[in-house]
Amino acid sequence: MNVETLFALCACALVGIGLYGLIVQPHPLRKLVAFNIMGSGVFVLFGALAKRGAAAGMAADPVPQALLITAIVVAFAATAVTVAVLLRLIESTATASLANEPPSGE
Amino acid sequence: MTTLLSLVVALLLLWLALWTVVARDAFVAVAGFVVYGLLLSLVWVRLAGIDVALTEAAIGGGLTGALLLGAVGRLRGTEAAAAAERSGAGTRAFAALLSLGVTMVLALCVLALPEPAPTLAPQAADNLPATGVGNPITGVLLAFRALDTLLEAIVLVIALLAVWSLAPDRFWGGRPGPRYAADPDGVLSYLARVLPPIGIVVGLYLFWAGADHPGGKFQSATILAAMWLLVQMAGLGDAPRIDGRWLRTGIVVGPLAFVAVGLLGAWQAGAFLGFADGWAKPMIVVIELALLPTLVLVLALLLNGAPARNSGKMPAGDGGR
Amino acid sequence: MALSTGTHAGALLAAAVLLPFVGMLLGVLLGGRQVQRVALACMPLGLALALGITVAWLREGQTLVYLLGGWAPPLGIALRADGLAVAMLLAVAAVVCGIGMYARADFATPPDVRESRAAFSYWLLLMAVWGALNLVFVSGDLFTLYVALELLTFAGVPLVCLAGSGETLRAALRYMLFALCGSVLYLLGAVLLYGGYGTLDIPLLAGAVQPGAIARTALALMTAGLLAKTALFPLHIWLPPAHGGAPAAASAVLSALVIKGSWFLVLRLWLDVMPGVVTWASAQLLAGLGATAIVVGSVVALRQERLKLLVAYSTVAQIGYLFLMFPLAFDATGNVLVHGAASTGGLLQAVSHATAKAAMFMAAGLVYAALGHDRIADLAGIARALPVTVLAFVLAGIALMGVVPSGAYLAKKLLLDAADGSGQWWWTIVLQGGAAFTAAYVVLVLGSALRRRSAALMQVKRVSRLAEFAALLLAVGSLALALAALGPLPGHLVSNPLAPKELAMTLLVLVGGALLALGLSRAPLLAAPRPAAAAPAGRLRQAALALGIACEQADRLVRRWSFASIGLLTLAALFGALLLVGRAT
Amino acid sequence: MSVVLDVFSIVAIVAGLVFFLAGTVGLLRFPDAYTRLHALTKADNLGVALLVTGLLPQMDGLLAALKLLLVWLLLMLSSAAVSQLIAHSARRRECGE
């Protein structure tokens, strides 16, 4: 098995792991970490595809790699916004619950 | 040998990801994620993506990790309450099954990918000389798909507006985060004096190298932003007021200059974001130069968070700075 | 470089995308009171641009294309505007202008401060939403579309919690996390498509895609992800609290505009990227979710005590309506999804919904501002106090019902014809039933608003005439969409609204709506139920109440995070399975 | 000559790895924050030093070698600063409890 297939398969597993965390971890921050892992899985998959596309004297297809840089920055922006909302929620309600009905005592 | 090494890296990556997702404690999970980000950079090196590796290490691992670590410190016992909402064993099993299913289907798709792989590398190689840059990724980012890069800068500005909009009304126009007290003899302020000159040189080097070698504005901006944050955390400088005129100018100069260069292209070359013959390289340099302050400011301010204090003065009617 | 940059008027597309973003950047730069001025100045300009694009499109009679930087796909990015995009560009520009008029009063910078958080954020985020939507409509590249979707989310989330209360913050956080989940799935699909076909350009992909493992997986993942962002039942986890709790001017943006972005992308994927991969069964599933959304959303809407929540839940129902077009656009003989009467109907439905829903949220916001509350039971006398507002609400309701010649009427007609033509009679029932449900909550609100009040109505605040006028304008605009029949649509669709058959249908829908309102509303609609009709009606009412409670519980269940996220993956799996096996008609 | 240099590199790098291993074992096995830090900083600094020394002969060109030295310096600086900060915060937490 070559490097790109290996990491492509690894990426598929990362997506699955991230998804699992997004579903079962109750705390929003943990969901956010899981989202980042899932996102990185997608990125690695794209990176492996770029490596597969090595041609014309280039070690990898530069288009996906350029898109990846954009995607990593967008994911960072998403994380920043989510953390800001979460911290504000904690500040104003002292909970971080995502439940429909706010926990008692509010 | 190389495949073996890749295999070890892949397994380690999976193990860390799993550990991070199932860890009991949020702090442990975030710490795991930071290590995971570093390991990921190694994966990018193995996948021949030095530029991506640098971006991943700087932004994916570094800044995201710092952001999450900062958040963990401010959870204030919400973790215990969240633990009570933990889903039952049945839900977890079902979730695991579904996630496994997604992985399986994706793996099947990976194995069904066409041979030879479709690629745009030859086209990029053919058109790269027209852009005058040597690094094909810079060529894609600033010529072929310049729109994406413009949008990316706009995404960051919008994310910053989103973060700022979360401030309590009374702190609007104030400064984000706590004011760190300087400890003149502390190791942090020592570091904040020694490191920034080196960091600025390294950052500018990465910026300059980006045209022809791996590197570029993002990696450079991250290092510069980190230096600024270090100075803030050491208490040697304060976070800026968010209504400062220079700050606002710095935030928008990048995308606005980008649009201006694009319009110049529309006039000279007949296409928005196009370059007339011989103008590509200088125009790309102009865009990158203008984007650098925007990226440094926005990345640092996104880490700083929403305004949370007024530094003494009320924002009302005092005309900003 | 001698560059070909596409069709003649293509540059207008780039201008339409850039204008709101440049306005936003200038707003950040100038700050203070200038923010609002810049935003308001952009609105007529943007509307003019949209009109210019429409004219150019009509004149050229073909899709407008613009190659950015002169680089042709697959290496470069092209902006394209077909009929769908042009219609949406125009509708969004009009709605943004209406919302701008409305929000001038609510989001003015107070006189005693240089710059206020709410005003600064609102106007800039509105510009951001607008630019992102324009980008969604004209971008011809799947990755650029991903960035546009994220832009839309980052601008939409803070609008949800602009008021800053704990409940809206929680809603915003749910929205953000769920939307992120959706966009990663979308990106995953796009990545797979690149791996399979080496391009992200929509026409190039459309020419290359074969129904195989990669295309099916990509379509299933992308569809599920986009449905999460659109908040189609059962993935509406974040919508009701978010839209119900945000300030009215923000709710109008969220409900009328933001969700249209991801809906439009589903349309693009199914109609333009992979029409040949789509199967009959998967289209049925999509519309089936829509039908469920109509029933559950409407029933729960009827059980709300607050006007804004009623409108928010009616949005859940209306989103369902937007997905009914997919099986009707399916050409069973060719096994492809085609542009035709059904897709036109769906588009018209979206445009009418955008205008009417914005008007409805505005009217609800005005009622709230005037009374200091929006309890439906205590609306008596409001029709006399705020006649223009109540008129706007009712007209918007009529526009949504699709009874008289309104935009939605034409849309419904097109969809009904398509249902008849393809023999899918069950969608006829859903289409008519949906109209009756819409009638029900208009009747419910009107019934309360028209009641006479014994004491004088206490108004806590005078509402802005301009805002009332804006709401009315959008509602009338939604009705006036019927004029589309005079232009691009075939004229035979407009039958005489006073013809006996049409009149009977209208009446039927209204009576059905009134009965639904009577049966399902939480509090009895009539103050004193007639004792004569008590016995049989009582049992019916019991059954209706049981249905209402069941729907409420179902809604609460599916809006739990674990359920919703599992639902998201299950839907992706279902779509995948139906794309695989559902090739029988 | 090159064989000698290669052998030198291999020996130095392997020795460096041994120190890393020792540091990691210390991190995992030692009882509290201070001893763990002790193990980590001492062993890892030595490990890095050996790695860099081992890699130096393999660099092509003076500039690359200088870059490597810079990396080493920065690593030393940051690890020293960070370990002191960790010790500080551990101490503050102890006093607080």
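Think of it as A, B, C and D in the order they're written, each chain with its own count starting at 1.
Quick note on the criterion: a residue touches a chain if its C-beta (ideal position, glycine included) is under 8 Å from a C-beta of that chain, and two chains touch if they have at least 3 such contacts.
Note that this is a predicted model, so its numbers are computed, not measured.
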item	value
Innermost chain by mean C-alpha position	A
A-C or B-C, whichever has more C-beta pairs in contact	B-C
Separation of subunit C from subunit D, taking each centre as the mean of its C-alpha atoms, in whole Å	58
Geometric centre distance via CA averages, subunit C-subunit B, whole Å	32
CA centroid of subunit A to CA centroid of subunit C, Å	28
Junction residues of subunit D - those touching two or more other chains	none
Multi-chain contact residues (two or more partners), subunit A	15, 18-19, 23-24, 26, 32, 45, 49, 52-53, 63, 67, 70, 74, 77-78, 81, 85-86, 88, 97, 99
In subunit B, residues with contacts to at least two other chains	87, 91, 95, 98-99, 102, 106, 110, 113, 117-120, 124, 144-145, 148, 151-152, 155, 158-159, 162, 166
Chains grouped in pairs wherever the two touch, ordered by label	A-B, A-C, B-C, B-D
Partner subunit B, residues of subunit D touching it in the complex	70, 74, 77-78, 80-81, 84-85
Complex interface listing, subunit C residues touching subunit B	1, 3, 5, 11, 14, 18, 21-22, 24-26, 28-29, 31, 66-71, 74-77, 112-118, 120-121, 124-125, 128, 131, 135, 143-144, 147-148, 150-151, 154-155, 157-158, 161-162, 164, 188, 192, 194-199, 212-214, 217, 562, 565-566, 569-570, 572-573, 576
Interfacial residue positions of subunit B with respect to subunit C in the complex	87, 91, 94-95, 98-99, 101-102, 105-106, 108-110, 112-114, 117-120, 123-124, 127, 130, 143-148, 151-152, 154-155, 157-159, 161-162, 164-169, 172-173, 243, 245, 248-249, 251-252, 255-256, 259, 265-266, 269-277, 315-320
Partner subunit A, residues of subunit B touching it in the complex	2-3, 6-7, 10, 13-14, 17-18, 20-22, 26, 29-30, 33, 36-37, 40, 43-44, 46-49, 51-52, 55-56, 59-60, 63-64, 67-68, 70-72, 74-76, 78-79, 81-83, 85-87, 91-92, 95-96, 98-100, 102-104, 106-107, 110-111, 113, 117-122, 124-126, 136-137, 139-141, 144-145, 148-149, 151-152, 155-156, 158-159, 162-163, 166, 218, 302-303, 305-306
Contacting residues of subunit C [partner subunit A, same complex]	75, 143, 146-147, 150, 153-154, 157-158, 161, 164-167, 169-170, 172-174, 176-177, 180-181, 184, 187-188, 191-192, 194-195, 198, 241, 556, 559-562, 565-566, 569
